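These notes open a run of structures that come right after.
Both of the next two complexes hold chain A, though its partner changes from chain B to chain C.
And now, the complex of A and B:
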């Protein structure tokens, strides 16, 4: 289904800036880049509702990099906060106290800690109530703000503060990354999408599309984290690209439960090309290569794409399992 | 006798580790010690400080060190940074060890009562470690000046760096780096002023919200933070090569790039953090990097 879009190339990215320079996120942070691009599509009238995470520090009194509004909530309750803002706007407009031109888009912004773990139930509640809002999770796959402890989003094989590789458990995290996209889809959220900053046009189009849908619009952005993942900030976009090209981060959307992959790699790059570029996976290669663990990761990626391809009718050449 | 040392660095340079190494080294020499960092709400690149006290007697002082005998400054851009203010409270007769390529006379002209020692730690670290991580280097410089013995110091470097999880190879390189720095300097006899033990009350200025300071209704005002001083390298656009494709602009996480009326991309050096994403992503290799503060 092709819908009209104003985004065909990166040059179409709106030039209006709603994020001023001088924020306090780490140099090269994918999370703040996601907020910047997201905001460009939404335009000026936005209220951000934040749950504790790295982004909380980006807006630290008395300085804010946002030209729009910003509300903190407790870790667990950003969607509840968003409900309050949405209701207040609706009531004021219904009473004629706020002109419709001053209506705002309400956007929850959280890290994966709040999205996958601590704020999970309040997001579920908001989906259940069909709250008309955007939900943006910048997913850096751990609790980055407090020193990179494992979350339900941390991938298999990743080291973290709480899953260090040890003699007894040399591979780090043994859990698989939770599939939040599917969880939200199962709750009948009308729009769920994954994003990668590295695929800017796909990103812009998905935020644009969300604007045509009433109800909860859920986004998970793959947000490279130089500090937590251990790589040079200059490679943030390259790593995000690699995550897509290896098939580790599928770009897709679900409209009323129907899933479509929006970027389909013809043939997958080996996951090794992605893993070896980050310190959080270094123990899988040094001092001895953890062949078994790497194979597990490669196999799960290959089988993901085989299943997705069979459902949607595309073919992806799997990467060799070594 | 007690020595109070304050380290100033940028997040990621290793100020906290430096304070631990120094504390551990003094402990190995038989002193009592304390070491601890202060964190602001900021990240890699932002100003941070860490403290070490050591003494042959009991240490009854607690809390941040406002009147250090020695300050270790890991980045000379901090000198101008009001958030860091690294020489604040430095005692008469005290010493500042500064990582810089600038001549020592230019750094603190109005403090004839303090000794300034300069050393190009960044240059040495890039050569010996391959990256500008300075914890063992600044700790070595301060330990040497303070008269900590070499054996105790090198043991502390290895112990502390192992504890933060460095590989054996990096530990070895750091020990070599620390030895080189230690060898460059000589111990000083510091005779710093004693301060009256009774503290004076400092009257606080009354701050009216909205006057002289931003209030909560202010938005988009972060540019005054000047995150440009987080940079080690600056990106430079070669406009003869640039085709205005806007890719760098799209991917700058800081909004530190803007498009001028002539359609050309410009970099706001006041706040560009030097992440170098623009350099990596430019398809025409029209962006190069140039070292800040005398780096290559």
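And now, the complex of A and C:
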């Protein structure tokens, strides 16, 4: 990033905590970690507007792990909830009923079920209206809170409770993961970024950069989900890092529609290294290896990086297609 | 007579402006659209000091309305019919948040089949949502009830959202003489909203937290019920102030020629005017007829209703709505209000009519009284009436035949 940043190394991660220790999320939850890091950049004056999902349980009456405001809305309309808060703050300040010191950053926090599916329309509306807000989607690639059913974010080849591998369809989910980054970019969101908790400095810089932009600031955080994906919670960060290193989760940003990859792997690790570490992909390897499905995944990753590299002028060594 | 000619929609918009609302999230739907267009114009030309924003659905509109109210703004919005149903999930959230915004519903029948004119299946679908509900008969009442609704909703004993209903077409697009109160008088009646626990940077709050235990949930739900019941007292006090300032008197129910009435028609909304005419016609025939109008539907004015119905020979409940498989929606509520009342009317007649705005002739309206009398005389069983004229039935059957391709 060309602009000045206060985040150069992980040592620059602010020590301020707005999320108290101990909350009701699962061990190793990538979502709550994203909230914690995000908040560190935003500072104390925040209203979180939540849609139904895993994070909803984090604020269970009478407790809240947050030092900031929280509004749970509904599954489909958290961005509209952010609209109401933002507009109310603006109109009350304009009328002199509220001092400027009460101004806040308004942040939507939802899972991928809300962001990609049921709340898609509400986000599109907020982008269209150029609402000045942040949207943090913790993307664990399925309906995690209800026990891991397929969403539009579920990747090709993943098992889920509603796309179980069967004799007729041994590969599980046959849809490709929807490209929400590109959809939001096409809707003219001034800032869209992907995040991974494993790449803290990149994460911090992007939230910081969002703060310099007026309008919708859209973030998709790759949120490892030990219970849904089937891995040891201690490996969350390792798995997110592998997703970046295999090229499965590209770290990038779009400023006024211009895309730039912020972390470019020199040579991609084979996707197998990522897939074999999760139970949701186990059926691609046992009892028989689904070579074609694995090849499809690898080819799609290789092709993604070839196209991105050609556009932006970098070269990424593709992983071997077996 | 003072006043200006205003449609029901214009009366609703005017009252929102007089209430000095801060925020109007909106979404168009017939027959409500004129309300938000009017407000959009006023905000644009600077004659209304509010923020107006058009959302992408009624569901989002109600969400924004609720969270803005939680942030301390005075909020107004309006919808109709399918829009109210589309927003329904959020009605329950907004009341659960105890966000005292005011929603105007312009009644319109529900699809399918799609229709434009009114009945009350839309507004009564919101019956159990926790909104205070006030229903209007005239355009004057629309304006007055919107102002009263803010007082009741924002009353610390209540802190619930309120809904004011008016009938599409019959009120929404009909010009009637309306006396709008003076702004400075309204300011006396309705001071600025002072939210008890708003979303604030300096004092963080959590709204709509998950509740994992049934007993805590029950506690909050019972609380809402108690608050809704207190809305009756809050309404009476607000109505007293309103009468003193503006001279118009509103109770939760209103009687018409009830003094010596033996046969009473219970109804609500704009068709009440037709009910009044029917009462007059029956009186001309020497029948002691009367009418009881429900203005407040939530909280349900059981005691007021029972007090006015006891001692009558018969009552009929006119429902401009239909719960298929049960009948009119308000009938069982009226019946339940009378159950333990000594001297309750021996005959309680369920009547359904006016669905999708079906017009009612004065003969149809008087037939309700004739039916009550026939039942009282033992000539008929108290069976539900479904109003439709024979020529209407013939026309409907002709339309069906045409649709089926018969020559």
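What we mean here is this: the second predicted complex is superposed on the first by the 321 of 322 C-alpha atoms of A that agree within 3 Å, B and C clash if a C-alpha of one lies under 4 Å from a C-alpha of the other, contacts with A are read in each partner's own complex, and residues count from 1 in each chain.
To be clear about the criterion, contacts are C-beta pairs under 8 Å (C-beta built on N, C-alpha and C of every residue); 3 or more make two chains touch, one makes a residue touch a chain.
For clarity, every value in this text was computed on a predicted model and none was experimentally measured.
In the superposition on chain A, contact is made by A:17 with chain B only, not with chain C. When both complexes are overlaid on chain A, the residue A:95 reaches chain C alone and has no touch with chain B. When the shared chain is aligned, chain B comes close enough to touch A:197, but chain C does not.
In the superposition on chain A, contact of A:60 is made with both chain B and chain C.
After overlaying the two complexes on the shared chain, residue contacts for A:129 are found with chain C alone; chain B is out of touch. Contact with chain C, but none with chain B, is seen for A:81 once the two complexes are overlaid on the shared chain. In the overlay built on the shared chain, the residue A:69 is in contact with chain B and with chain C.
When both complexes are overlaid on chain A, the residue A:26 reaches chain B alone and has no touch with chain C.
Touching of chain A by both chain B and chain C, each in its own complex, is seen for residues 57, 60-62, 64, 66-69. Contacts from chain A toward chain C in the complex involve residues 44-45, 47, 49, 56-57, 59-62, 64, 66-74, 76-85, 87-92, 94-95, 97-98, 101-104, 121-122, 124-125, 128-129. The touching residues of chain A, when paired with chain B in their complex, are 10-11, 13, 15, 17-30, 32-33, 36-37, 57, 60-69, 164, 197, 200, 226-227, 232-238.
Considering their complex, residues 22-23, 25, 49-51, 53, 55-57, 59-61, 63-73, 75, 89-90, 93, 97, 192, 199-202, 204-212, 216 of chain C touch chain A. Partner chain A is touched in their complex by these residues of chain B: 12, 41-46, 165, 213-216, 218-227, 230, 245-247, 249-256, 258-259, 268, 270-277, 279-281.
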